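Okay, so chain A shows up in both of these, paired with chain B first and chain C after.
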Partner chain A sequence: MVTSQDIRQILASNEALAPIADQISDDESLFDRGLDSFGSVQLMLALEERFGIEFPDEFLSRKSFATIGAIRETVAAVIRPQAA
Partner chain B sequence: MSTLAQRAQRAAAVAALHADVVDREGRFPLEAVTALKAERLLGLQIPSQFGGEGAGLREIADVCSTLGQACSSAAMVFAMHHIKVASLVAHGLDSTWHCHLMERIAQEQLLVASSTTEAGIGGDLRTSFCAVETTGTVFALGKDASVISYGTQADLILATARRHPEAVGSDQVLVALFADQISLERKTVWDTLGMRGTCSDGFRLEARDIPVAQILPKPFAEIAAQSMLASSHLLWSSVWYGIANSAVDRARTFVQAEARRQPGQVPPTALRLAEVSNALQAMRAAIVSALRRYEDAHGDADTIGSIGFSVMLNNLKTTASEMAVDIVQRALSIVGLAGYKNGTPFSLGRPLRDVLSAPLMIGNDRILANTAKLLLVQKGGGQLMSA
Partner chain C sequence: MDSTFSTPADARATEIFDEAADAVPSFLDRLFDQGLLVRTGVDGLYGRSGAFESVVDALERLISRLGAADGAEVMRFPPGMSRPAFERSGYLKGFPNLAGTVHSFCGNEAEHAELLACVEARSDWTGHQQATDIVLTPAACYPLYPAAAARGRLPEGGGLFDLQSYCFRREPSLEPTRMQLFRMREYVRMGSPEQVLAFRESWLARGTEMIRSLDLPLAIDVANDPFFGRAGRMLANNQRQQNLKFELNVPVNSVEKPTACLSFNYHQDHFGTTWDLRQADGSVAHTACVGFGLERITLALLRHHGLDLAAWPDAVRATLWG
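Right, the complex of A and B next:
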């Protein structure tokens, strides 16, 4: 089970988002809050490491990582088939 | 009714006629752009409900290549115009003001320029210093625009700026500014090795009392990721292909003339021609396959904004720009001094100087560095026909 709090912890390691990670709501655009393309790649790597998963190419889009809520669903969608 | 190819050929013929003076004097290719307007080519991409022809990037790319064979500067102006129009078409449909703007572009054949580059941030189009300052229903904007190609000749400039004075550098919007709404004070002059007719001077841009409706509602981050990256790399590459193609044409004519002088023998330069024709075909294949992938995406934002797609477009840009330079240089080595001299039917000085801009327009190292980051997460395993 992935929680929004898990994701906020990972966001806190991003330079641009660290000071505000706790204030970002689940459906707020991370890109509007300063996440850039390299930041999103770093975020994907951190999520892969933290949850022991690999995102397939079709998940590697802006939309999948645009908000905390989207990330939660993306991670859950990748974990689910592995658990089954 | 002429075909699109015929209309493009007619405009290219006008561009070719004035190509030398445009290059020598470093002046705007006015005759070529007037011909493009007369052939109604500036509104090609505008959807038909707004009076355009609803053409896709594939058609625009073909025109870019045709013009690139005649005058690289005119071709690049046409490409840059359509890169901006592509953003309007992809992201302006939700805004009444921008829909009306599209009608005007098609009807009046307005020329659209771009102002993304800013003093102090170099070529990083995803960062702005300047900010939109809104008061009620109007806004003001002041920008140290270190490059605006054909800034004083354009009817309209699409400029990036931070959304408001407190916004972070990457929180940008794209605003439309008519020439009669702004003042442009020239700060630097575009006196360059090649691409001299794009007149990419530097300016201080000032705009006051502009209606807020002229701000595109979509965040610029999305515009950049979903339309600008693709249209820039696809259309620039098509211009470079046109330049490379015309250089190979000159080399071919040269080799064939040699062959006619020595019947029964294959001139030694024919082997070099075979090599360069090989390279030109590979360059064309790279561009056409990227254009097909773009068309197959049917404007789907997720596909076009995905990491795999960005890597593909980045690779197209670095590959096409390097190949174009290599091809023109090979053509020059075939033609020899007749190509090195100006004013011969085989002169290759201008194409070579122009095409040397290709690896520098968004420097290839910057693009490779961006690809390197994306490759940290991209997975492999694509199939020959599907990725």
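Right, the complex of A and C next:
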């Protein structure tokens, strides 16, 4: 089970989002709050390390990491088949 | 993405590539045989003949004419740039495999003797080489951003620059269109998002008209830079989804894998933020550029109109040489 709080903890290690990670709602655009393209790659890699997963190519897009809610769904979608 | 080519040269292009499949000698061999390119022993590193250069020069004049009314400020940088500036640019995040660094001997006299002994023995002599403060320029516009930012805020109306440089990318290939050292002409616009996007839109139209006037088949496609590795796939997907890069493709090596001869790039605020480049009102500048691959366009002309420049269609010759 991936929670929004798990994801906020990871956002707290991102340079642009660290100071505001606790204030970002689940459906707020992380890109509007300062996440850039390379930051989204770092976020993707941090999520893989934290949850021990590897995102398939079809998930490697801006949309998959645009909000905390989207990230929760993306991570859950990758964890689910592994758990099955 | 599939490309659909359209121009008067369409039918002829198909014929050219029908007969060129697995052709022996290859297009590259024929360029060597004709003396248009000169072998150096390294794939992607070639000399150019006077005839080849006459086309490059004519293309430069044509590009200057197309942009003349805009009054761009001309700047020319050597094909090397400051290593600290290069590091700050972020190039290594996306393209560590393409970068070229300049190293130099930094040893003492005894180590010089070792170096010569290694050369004599044909063993590795680079042990005493150290990175200098220069790297090879990866794109003509890279040295511009820090130079423009050092002037302070952009003037009202933003900035417009005209650049040309030899560029280096470490990707040895037998495709003549993929050289390791090649020339890139660029116009770079700095200003508000609306200003730089309008610039890019105008050059999409001008660039298309330019290549049509050279009687070459073309297609405009959304594109991405060749970012490195798995993380790079995400950067590439992001770039495509946001329509940040378009390329004008011409079939040169094959119809299936056409060659990007021009590119039209919107960097958003990437360079503005990286270099603290600001508009007149103090907000972060956005930037965009149009890049012309001078060797690639020349090779496209040679491919489609033949290796004898005197036999090129009159209209093409008139466009290039008046």
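Everything that follows uses one rule, which is that the second predicted complex is superposed on the first by the 84 of 84 C-alpha atoms of A that agree within 3 Å, B and C clash if a C-alpha of one lies under 4 Å from a C-alpha of the other, contacts with A are read in each partner's own complex, and residues count from 1 in each chain.
Rule of thumb we're sticking to: a contact is a pair of C-beta atoms (placed from the backbone, for glycine too) under 8 Å apart; a residue touches a chain by one contact, two chains touch by 3 or more.
The shown structure was predicted, so the numbers you read here are calculated from the model rather than taken from an experiment.
Peer 1: After the alignment on chain A, I want to confirm one thing: do chain B and chain C clash, or do they fit together?
Peer 2: These partners clash in the superposed model.
Peer 1: What's your read, chain B or chain C touching more residues of chain A?
Peer 2: B
Peer 1: For A:V41, decide between first (touching chain B), second (touching chain C), both and neither.
Peer 2: both
Peer 1: Figure out whether A:D57 sits in contact with chain B (first) or chain C (second), or with both, or with neither.
Peer 2: Once the two structures are laid over each other on A, A:D57 reaches both partners.
Peer 1: Check whether A:I68 is in contact with chain B, with chain C, with both or with neither, and answer first, second, both or neither.
Peer 2: It touches nothing on chain B or chain C.
Peer 1: State whether A:L30 touches chain B only (first), chain C only (second), both chains, or neither.
Peer 2: After superposing on A, A:L30 lies clear of both chain B and chain C.
Peer 1: Identify the overlap between the chain B-contacting and the chain C-contacting residues of chain A.
Peer 2: Comparing the two interfaces on chain A, one with chain B and one with chain C, the shared residues are 36-38, 41, 44-45, 57, 60-63.
Peer 1: Where on chain C does chain A make contact in their complex?
Peer 2: Within the complex, chain C touches chain A at residues 90, 93-94, 230-231, 233-235, 237-239, 241-242, 270, 273.
Peer 1: Okay, in this complex, where on chain B does chain A touch?
Peer 2: Of all residues in chain B, those touching chain A are 126, 168, 170-171, 219, 221-222, 225, 301-303, 305-308, 370, 373-374, 376-379.
Peer 1: Please name which positions on chain A make contact with chain C in the complex.
Peer 2: Within the complex, chain A contacts chain C at residues 36-38, 40-41, 44-45, 57, 60-63.
Peer 1: Applying the document's contact rule, which stretches of chain A touch chain B when the two form their complex?
Peer 2: It comes out as residues 16, 29, 31-34, 36-38, 41, 44-45, 48, 54-58, 60-63.
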